[in-house]
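Below: a set of structures, written as C-alpha cells.
Both complexes shown next keep subunit A, but they swap its partner, so subunit B is in the first and subunit C is in the second.
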Partner chain A sequence: MQIDWLAIAPEIVVAVTILGVLAADLVLPRPLKYWTATLAVVGLTLAVVPLILMAASSVETRSLFEGSYVVDDFALVLKGLFLIAGYLVVLMSVSYIESDRYYQGEYYLLLLSSVLGSLVIASARDLIVLFIGVELTTGPLFMLAGWRKGDIRSNEASLKFFILGVLSTAILLWGMAMLYGVSGEVRFDQIRSALADPSPAAQPLVGLAILFVLVGFAFKVSAVPFHFWAPDTYEGAPTPVTAYLSVSSKAAGFVALFVTVYVALRDRVDIWGPGLWALAALSMTIGNLAALRQSNIVRLLAYSSIAQAGFMLVPFAAASVAGEQLAEGLAATVVYLVIYALMNLGAFAVVIQGARRTGTGDIDGWAGLGRIDPRLGVLAAVFFFSLAGIPPLAGWFAKFVMFRAAIAAGSAAATSLAVIAAINAVIALYYYARVAKVVWFDEAPAGAEPATEPPAASLALTLGIAAVATVVVGVFPAVFAVFGEATRVLLASG
Partner chain B sequence: MSFSDWISQPVNWVFLGLALAVLAAGFRVVTSQNVVHAALFLVATLAGVAGLFVLLSAEFVAWVLVLVYIGAVVVLFLFGIMITRAPTGQDVGLDNRRARPVAAVVSLGLFGVLSWTSVRAFQDTAVAGVGERTPTDILGEALLGRFVFPFEVVGFVLLAALIGGITLARRDLTPKEEEERGAV
Partner chain C sequence: MTLADYLPLALMGILAAGFVAVSLVASRLFSPNRPTPEKLAPYECGIIPETEATQRFPVKFYLVAMLFVIFDVEIVFLFAWATRWLELGWYGIAAAGLFTLFVLETLVYVWKRGALDWNVKTSGPLPA
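Right after this comes the complex of A and B.
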C-alpha cells in the first residue's frame, strides 16, 4: 500500500512530539520541567512546515487509505488553525501551569493529544476516522478540566464535562451506527451515493440518524439547547484549558459536524438545514441574554462563546435552509471560525493576566485596570471590541462575511436568521463594551499602584500574536479572504 | 413473515431466549441496589449480547466482547469497587427510585421510536454474510491496511487516557513528604 507520507507528516510530527514530551518528563528534574512546554512549542511549529509544503505544492487533493483520509485546502486551512491555536494555548499555559504545583509534562502531553485529534478530524472523510478523531480531541480535555485537583470547582467542571461528554458521544455513535446500517458504508462519499435515493421505508431511520448525529455534535460545540455543561466547566477548569475548550475543541466539533453534513449528507439538507437554523438562532439569543447577567469574566466569556457559536453557524445555516450556495455559506462560516479563534484566545490571555493583576475574576474588580496597567487595558479593549465586531478590528470582518453570506442565500428563512443575528450583535455590544468601560472609566480602588512587573514572556507573546492578528486582519481583510477562497474551491469540488 | 413461521425455526428460539435474558439482566443492572450485583448483571448482559453476535456469525466480535468487556472492563469495575473505599453493600440511593417514572418514559419512548424506524427500514432483509465464517486474517489485513490510521490514533487515545487517569487518581505528595523523598 502506497502512503503519501507528506500528507500525514503534521500528524506524525505531533505524535512524535507527544512521545518526546513523555520521555522528557521522565528524565527532567522538577525545576526544568518547563522544557516540556518548549518541546511542545517546537513540535507544533515543526508540524506547520509540511502544511506549508503541501499548500505550495501543485497537488490539489491528497487522498489516503482508500479515500477515508483526505488532505485538501479545506483540511490545510483548518489544520493550520488547530496548530496555531494549540501553539498559543501552550504559550499561555506556561506561566499559569508553572505557578502552581501542576503536573506539567502530563499537561502538555494531554494538550498535544487533543491537538492531534483535531488534526485528524480536519481530514477525516470516514465515520470511523472521524469518530476516533472526536474521541482523541475531547478525551484528554475531560481530564485537563479537572487538572486543579485540590479545587472542588475544577473537579465539578471535569465531572460534568465527562458525564455529558460521554452521553453525547453515545448519541453520536448511535447516529453513526444507524447511518452505517442504512447505507452499508463508512466512507462519506459512499454514504452520500447510498443515501441519494433511499426507499421510502428507510426515510424515518435516515431522519433519526441525522438527528442523533446533529445532537451529538451540538453537545460538542455547546450549542443551545445542549450547552448547559459549558459555563460550569469553563469556570472551574484552569483558564488556559478553558481557552482551548472555547476555541480548539469547539472548532473541531464544528469541523466534524460540517464535514459530516456537507460531504456525507448533502442531499438530505432538507432534514439538517432547519436543525442548524434552530441551533444558530437559539445559541445566539440565549447565549447573549445569559451573558448580559454575568458578573464573572470567565462565565461571561463562556456565554459569549455560546453566542459566538450561533453567529458562526449563521452563514451555513442560512445557506442550508435556502438550499443553495452551501459552499459559500460554509466558506463564510470557516472565515468566522478562524477569526473568532484568534480574538477569543487573545481575550482569554487578557483574562489570565488581568486575574493575576487584580486577583479576581469579577468584572467589577477590574475597575481602573486601564490606569494600573495601560497596556493590558488597551489589549482588553482590542479583544473585547473585536468580539463585538467593531471596525477596524478583525471581528467586524467576521460579522461582515457572516451577514453577506446570510443575505446572499436569499430565502425568507435565511433573511430572518440574518435579522436575529443583527439584533444579537447589538445586545452583544453591550456586555463586551461593559468590560472596556469598567477597565477604562471606573475608578481604580484606593491604593492601587501602577503595575511595574511585566507579564511572563510566554503570555506576552500570546497577547502580541493575537493582537497583531486581530488588528491586521481587521485592517487588511483581503489577506484573509484568500483562506476563505481556498475553502470554497475545495469544497465545491468535493 | 408471520409469527408462527418465525417461531417454527429453532434458531429463533435461541434468539428469543438470549434476547429476553439480555433484557432481564439489563433491567437488573439499573435497578439493583448493590453496585457489585449491578456489575455482575452487566456480565450477564454482555454475555447475552456476545451470544447474539454468534448468531449473526460474527464470532470475532463475540469473543472480543467476552475477552475485553467481560474479562477486562467488568473485572476492572469490580477491582475498582473493592480497592477504593466505595461502599459495596446495599445502597438504597443507588437505583435512583425517584427518577424511575422519567427514566421509564424516556427509555420506552426511545425504544418505540428506534424499533419502529429500524423495523420499517430493514423489514425482512437478510443480514449479509450470516452463516459464513469470518476469517481473522481478513480482519487483520483491514486493520493494518485500510484502517491502519485510525488504529494507530486509537493508540494515542489510550495513551492519553492512561497518563491522564494516573495523574488524576494518584495522591499528591504534601510539600513535606516531597522534601523527604528528595525532589524528583
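Right after this comes the complex of A and C.
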C-alpha cells in the first residue's frame, strides 16, 4: 500500500509524543514530572514542521486511504490552528497544573489526544474517520473537565459535559447512520453524488439525517439552543481546560461542520441553510443577553464564547441561506475562528493570572487590578476590547470580514442576519468594556499593594504570543486574510 | 427552502411522543391492577431483600472490570488482522506490531501505577 507519509506526519508526531509522555510519566519521579509538559511542547512544535513543508511543496492536495483522508490547504490552515492553540494551552497549563498536586503526565496525555483528534477532523472526508476524530477530540475533555477531583464544581462540570456530550454524539451518530442508509456510502464525495438525486421515498429521511447531523455539531460548538452544558462546564473545569474547550474544541466542531455540510451535503443547502441561520441568530442574541448579567469572569467568557460562536456562524449561514458566495462565507468564518482562537486564549491567560493576583473570579473583585498590576491590566483591556471588535485590535478584522461576507451574500435573509449581528456587536461591547472599566476605573480594595512577583514564565509567554498576534493582526490584517483564502479549496471540487 | 423540508422532523417528534403516550395509556387501561406485597417489593424475584443495595463496595472491582473491557476490545482488533495475516504481509505485521505496542505501553502503565494490585489497603471501612 502506498502511503504519503508526509501527509500524516503531524498526526504521527503527536501520537509518538503521546506515547513518550505516558512513558515519561511512568519513569520520572514526582519532582521531575514537569518534563512531561516539556515533551508535550516539543512534540507540538515538531508537528508544525511537516505542515510547513507541505505548505511550501508544490503538491496541492494529498489524498490518502482512497479519498477518506485529504490534506489540502484547508486542512493545513486548520491543523496549524489546532497545533498552535494546543501549544498555547499547554503553556498555560504548566504553572496551573503544577501549583496543585494534579496528575501531570495524564493531563498532557489527554490534552494531546484531544489535539490529535482535531487534526484528524481537519482531514476527514469520510463519515467514519470524521466520527473517530470528533470522539477523540471530545472524549479526553470529559476527563479533563473533572480534573480537580476533590472539587464538587469540577465534578459537576465533567458530569454535565459528559451527559450532554454523549447525547449529542448519539444524535450525530443517528444522523450519520441515516445518511449512510440513504446514500449507501461513507465517503463524502460519494454521499454528495448519491444525495443529488434521491428517490422520492427517501426524501424525508434525507431531511431528518441532515438536521440530526446539524444538531450533533451544534452541541459541539455550543450554539443556542444546544448550549446548556457550556456555562457550568466552563466554570467548573480548570481554567486552562476551559480555554481549550472554548477554543480548540469549538473550532474542531466548526471544522467538522464545514467538511460535512460543504463536501457531503452541499447540494442540500436548502435544508441546512435555514437551520444555520436560526442557530446563528439565537446564539448571538441569547449568548450576549445572558453575558450581560454575569458576575463571574469565567461565566462571562462562557456566554461570550456562545455569542462568538453565533458571530462565527453568521457568514457561513448567510452565504448558505442565500445559496451563493459559499467560498466567501467559509473564508470569513475561518478567519474569524483563527482570530477568535488567539484573542480568547489570551483572555483566558489573563483570567488565570488575574485570579491568582486577586484571589477571586468575581468581576467586582478585580477592581483596581490595573493599578495593582499595570501590565496585566493593559493585557486585560487588549483582549477584551479585541473580543468586542475595537480597532486596531485583531477582533475588528474578524467582525469586518464577517459583515462583508454576510452583506455580499445579498439576499434578504442574509442581510437581516447581518443586522442582528450588528445589534449584538453593540450589546457585546457593554460587557467586554465593563471588565476594562472595573480593572482601570474602580478603586482598588484598601491595603492592596502593587504586585512585585512576575507571572510564571510559561504563562507570560502565552500572554506575550497572544498579545503580539492580536495587535499585529489588527494592524496588518492582510497577513491573515491569506489563511481564509487558502480554505477555498474545500469548495473547489464541483 | 420550503417548510415541508422540516416536516419529517415534526412527524418524528409526534411519533416519539405518541409512542410514549399510547404505551402509558394502554398499559393503564388494559392491565389488571392487583398489587400484593411480593409484587411491590423492590426486586420481585422470590428472594426477600435483607439489606439495601446502596452500600459501599471496593472500587477495585469497578477498576478491574473496566480495564478488562478496554483491553478485551482492543485485542479484538487483532483478530481482523490474524485472519488475513499472510495476504497483508510485512506491512500488516508492522501495523499490528505498532498497534500492540500502543496497547502494551498502556498495560505497563496501568500495571506500574498499581491499578492491577488486588491487595491494596483501602482507607475507610469495608462492608462486612
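What we mean here is this: the second predicted complex is superposed on the first by the 490 of 494 C-alpha atoms of A that agree within 3 Å, B and C clash if a C-alpha of one lies under 4 Å from a C-alpha of the other, contacts with A are read in each partner's own complex, and residues count from 1 in each chain.
FYI, a residue touches a chain if its C-beta (ideal position, glycine included) is under 8 Å from a C-beta of that chain, and two chains touch if they have at least 3 such contacts.
In this text, all values refer to a predicted model and were calculated from it rather than measured experimentally.
Once the complexes are laid over each other on subunit A, subunit B and subunit C cannot both fit and instead clash. Legend: residue contacts after superposition of the two complexes on their common chain; A:Val21 is shown touching neither subunit B nor subunit C.
In the superposition on chain A, contact of A:Ser113 is made with subunit B only, not with subunit C.
By the touch criterion defined above, A:Ile8 lies against subunit B but remains apart from subunit C after alignment on the C-alpha atoms of chain A.
Applying the stated contact rule after C-alpha superposition, one finds that A:Gly146 touches subunit B and leaves subunit C untouched. By the touch criterion defined above, A:Ala466 reaches neither subunit B nor subunit C. In the superposed model, A:Ala327 makes contact with neither subunit B nor subunit C. In the superposed model, A:Leu211 lies in contact with subunit C only, and not with subunit B.
More subunit A residues lie in contact with B than with the other chain of the pair subunit B and subunit C. By the touch criterion defined above, A:Pro274 lies against subunit C but remains apart from subunit B after alignment on the C-alpha atoms of chain A.
Contacts of A:Ile390 after superposition: neither subunit B nor subunit C is touched. Note on the chain A alignment: of 8-16, 26-34 or 116-124, the part of subunit C that runs into subunit B is 8-16. Overlap of the subunit B and subunit C interfaces on subunit A comprises residues 1, 22, 204-205, 208. Subunit C makes touch with subunit A in their complex at residues 1-2, 5-9, 11-12, 91, 101-102, 105-106, 108-109, 112-113. The part of subunit A that touches subunit C in the complex is made up of residues 1, 19, 22-23, 25-26, 204-205, 207-208, 211, 270-271, 273-274. Of all residues in subunit B, only 113-114, 116-118, 120-123, 145-150, 153-154, 156-157, 159-161, 163-165, 167-168, 172, 183-184 touch subunit A in the complex they form. Interface of subunit A with subunit B (complex): residues 1, 8, 15, 18, 22, 29-31, 64-66, 68-69, 101, 103, 106, 109-110, 113-114, 116-117, 120, 128-129, 132-133, 135-136, 139-140, 142-144, 146, 149-150, 158, 181-182, 199, 201-202, 204-206, 208.
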